[in-house]
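One structure is given here, and the rest of the page talks about it.
Going by the order they are written in, the chains are A, B, C, D, E and F; count residues from 1 in each one.
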């Protein structure tokens, strides 16, 4: 009888299973809600780079270089898009080996209107991931702003994203060895931020300081725009972190919540640290702390709870403050807009603390079965060190080769006159 | 004719302009400038980099006046621009050889 | 037989009921579409404050104070976030009494990855509500711009949001007495706008006028940015109003539509009023009218139809125009950026007219059973008056106490030099 | 037996059919995911006009006219909204004839909270379409910027949208003759871009050149803002194109993907073309190419694949570059901000190539049964020519009549002083 | 040597520069200024607050010229800057004691 | 008293200011100007429209000094502002009839 009934209703059950998300075994059906959120998240993460990061950076450089950094971010966005559909997506996300994908999905082959990735169209998954491959190189721009040749920048970015970003992305998210080993990186602390920070640091050192740094004033030309950019980064980051769940569910919701909390905590921490040590709280400090919080919560966002986020934001706000205000000055490298100081350091702090606050006892989603907190933190360190070493060495080689072949820097006089006029025959402001 | 050049605190511009008008000066040309002198500047801080800014925003007024007006004009400026605190500025007087009104070609005192 | 069939298929029906939204009794299942919309709405409402409102305000103040208002908005955003997860969310939304919640949800206790609020994760509900608790105090900034100490501002906001915002929010949306009584406030006409407007008016009066007001020119320094800010407010407001439905359904759709209509009507009304009385239409007038329309439709957005929205936008555009251009001048208080003139007055107009245009005969969703339009308008008045009285008195007390303890205003000379340099050692524009 | 089973389970099947999207015959049930995406898309497309396009344009004009173009865009947004709910929506989307709708839905009659359009509320469909009716006239502003009277602009736009936009929209999307004939225009290449471009060209010619054009410099006053505007256009365009699917599904996903690809290709093409011919790549060239790519992919977005998008972006980037840099100069008309050069030309390129790359062999969704590529391209030409001829003639008549009745241009002296002061008694920047 | 200082309408700058170059003046220094005189300003309105702005954007040109060039230079300015409507501006002439070219240390007419 | 007016390359301002201070000049007024001379400008390109910009950003320094300071001050400017490349700028000297310090009413050398 029960057998009869099962048979009788089985077509319906199959139908149900096929069309409904959340039922076990139904991951291969499109869910319109998840898709809606991922379309939105893709737009939000693109929004982070253009206009968000562009404005954040443009406001911090001198007036005569404002356009040049915006143009770098925008061009990176375009270049990565084309490379992505040609071969990068395939390198990063096709099966390949533990170290790199293959070219089986080059030219987006196999990605049709009906291809799914979980409950969302693969086209959306691919575009969402593309926006990460856009913002990562764009972040590096902050380290060498105001002195790099545009052509050298293009070459560097095209090569770097192919031989550094794509493999590391594959290691963590594409089925590679770091992911397999259990390193936790929900939305890109390692892949995006440490990666960009280290490449930036190497670039800053290889290229040398800006003319006049640090003796003569390097004042931000338009902090109003920088604050706008920071606000856009914050808003867009909801797509970055909550979007990394690839679904509109409770994990995405919690990822958004902890993002909000850590950002606020990072901002207040930097502000109060500055207030205490310098005597006044500054707007640039406040938003720098916000970005520090955003960076650090990124790897942790799907794993920790609100109180863990508070702690992570606090740690990152303070750590990045020290890094930018003290460490950079001590060592004397010219990381123009603190790509390393905020993204590198914040990424490392976040990656480590993800291993701590994932613990259910601290409000997190819980450690994997049989993995102790110490073990998880150890794995996190493996991820961090692997990224630093690989990215550091390869970035260095690319830069050195390019420097010898085409030269990385503009001439001293061109730097004096400003990149906008010299490289682009334009001015940012004609007022 | 003389050219009176005054460097004043920017927020005093309106008062000085009125005082000059009252004194009979009918035209003037105003420039935003930065001043350096006894008055101390301020400090700016950007991500730990401290800059001391010595130059202070000032406003420069240039007015060409006929010789007989000079004294009362200077008087008008001094009394309207003074706040008594450091940085109130200066008034300079120099000779003017000739003045021409572009619209009409008039010259001399008539051109003022 | 039918009984047999019911039994036979009942597991399927239960299954259906459990996983599908919209079926009676299924409110406790997560709906990915609703969640997607609420994640988006949360981002949109945050976007209203930073960068939206920050830009709207920064463009209206003098160049030397531009950063200070942006920094106030941004810091409020951070501070409210931290207080929210510590205790504010609990105060506003836990059961408690008719007047205030309790601390049972302090530290977000009980809000886990799987907690639901209707068909969306509670984390998302809580973050969505947080964005309202952010924009409300940020709106007040407009009333005391260009003269308040940053430290006093922080104290005021932290206290105000705890003893004024949280209770009033609880009264209306947290199960408190105004909600129970049947006051209609779909998205915050009372809780957000009247509340902020009244607090702003009290602050403007307690703190006194800006030096030189109204004799010397107080020209907006960057109306281009003000227009950008207004546009962002408009776009973000879709999250505010259509998001307040907490679902992606027909009510949300209509809420978006009436928001669009009322805003347009408010903008055109102010523009034509100014054109008529002054001889020229101005951009600042246009966007001020848009904000007036947005404010007034807020309480009404889930209840009225497009033609009601047209009327509400018209009434608010005109009412706020009169308030800002005539009333403020007559009484002589210095509500710097018209927080009261637009949000207070617009909020009151909207709250009253919600009671009118909710009527089904006027295209609305219909009055509650057995409630006449007059009765509903009466209820609306109770909500308005309660908010004005409570918020007015308590805000006054907080400000007076703070003024005596730490002082509210910067010195006359500091006001002269500009808050950016004096309070933050920064300049908004270095060009 | 099978009959018995069918009967037994039929209530469940009906239930299923009623509540689930994607099942044949179920189009009349609301889908929360689709609705979430369309609410978002509506916000995104509004965001394109205000602040996106406003900034894009404001940055390109002289400082003294910055506010005037922003005000034009904003006022158009308001005016179209009011006309839309009064009668435009009905004219465009009610059944009517093959050429124009009727007034059966004037005052939004029949559009209630429960009205559906496919799987989304009709209120949302109507608002989404409204945002297209807003951006189309706003685009035209670029052609006559810096010289048109505000009052004449209002009259022109109100008439134009009623007698040009509404019918052409009806032809293509409202059940009119072009749609019936099989012209493919997924998101508005014809309705929006060719239409706006042609109207702009006619306006530029009828009104004549700006004083001093082309001898004296007409430098963009704030390219930083122009780049921000371009970035916002790009992000918002996801709503435009992927939103035009009216659902969150695989087609929407692919529409987003091809939008991203074509934009990047257009931007790089323009940039490299300029680099090659002028010697330096410019930021304005880069973003102009991006917009060219966005425009051209618009009609194609639901029909082509990523490689088709690459080709379309390339063609449009190059074609629009030639049009703006060479053709405009040759003919000597003053299309101030290249509304025709980018939207007209890009729209035509896109409309033609849609007919090519829709071919399944080229990665597209496939030609309609029995339609050859040549035939489809032929249909596309009919759409293009019909739009050019109708829009060109009617726009010309409206402008000529208005010129005689109230005059289109401000006086030479007013043009000299700048529209912001002369028409609005305001300045964009007071710094 | 003389210093010629001209205050003109901003949109006339290019014409004046060309006229001066034609007259043999090889260098000049230009400043954006605000002028106050007979020409009326404009009104601005922000949320009901009306401000009358008396200062008008002008451009100031300073050119040091040798004595023999003065007359023709002034003539060049006057004829190229004039529109005939109020506010066309003024030309002032004053003495110049010494001029030094920083690059070479040359002085006098050679330094111009 | 003399008025020293120097037009220099903007990035040299700090050096010149220090050199002047060392030379004993206690105050100065600085204006952002655009210069036209032998130094070539640059080209800008916007959507195919090429503009050649002849004016170059310069900084103008005005310092009133007592007669005895003139020589050393000019020397200080020339040596600190020179880069040796075209466009280094000029130093002009003119007479100053009178100077008044607004704050105190002092005149003459004391007012400087």
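Convention: a contact is a pair of C-beta atoms (placed from the backbone, for glycine too) under 8 Å apart; a residue touches a chain by one contact, two chains touch by 3 or more.
Note that the structure is a prediction, hence the values are computed from the model and not measured.
Shared contact partners of chain A and chain D, listed by label: C, F. Across the two interfaces under comparison, B-C and D-F, the one joined by more C-beta contacts turns out to be D-F.
Residue numbering at the chain B/chain E interface overlaps only partly, since under half of the positions present are found in both copies. Note: centroid distance chain D to chain E, computed from Cα atoms, is 48 Å.
The mean-CA centres of chain A and chain B are about 53 angstrom from one another, to the nearest whole unit.
For chain F, residues touching at least two other chains, in rising order: 31, 44-46, 94-95. Among the residues of chain D, those in touch with two or more other chains are 8-9, 12, 16, 31-34, 36-37, 40, 219-220, 222, 248, 278, 280, 282, 284, 425-427, 429.
Chain pairs that touch, as defined above: A-B, A-C, A-D, A-F, B-C, B-E, B-F, C-D, C-E, D-E, D-F, E-F. Residues of chain A that touch chain B in their complex: 214, 217-220, 274, 278, 280, 282, 284-285, 288, 324-326, 328-329, 338.
For chain C in complex with chain B, the residues that touch the partner chain are 216, 416-417, 421, 425-427. Listed in rising order, the residues of chain C touching chain A in the complex are 8-9, 12, 15-16, 19-20, 30-37, 39-40, 42-43, 46-47, 50-51, 54-55, 58, 66-67, 70-71, 74-75, 77-82, 85, 107-108, 111-116, 120-124, 126-127, 130, 150, 222, 225, 248, 420, 423-431. Touching chain E in their complex are the following residues of chain B: 3, 17, 26-31, 64, 94-103, 105, 111. On chain A, the positions that touch chain C within their shared complex are 5, 8-9, 12-13, 16, 20-23, 31-34, 36-37, 40, 44, 63, 219-224, 227-228, 230-232, 234-235, 238-239, 242, 247-254, 256-257, 260-261, 263-265, 267-268, 271, 278, 280-284, 286-287, 290, 305-307, 310, 365, 429.
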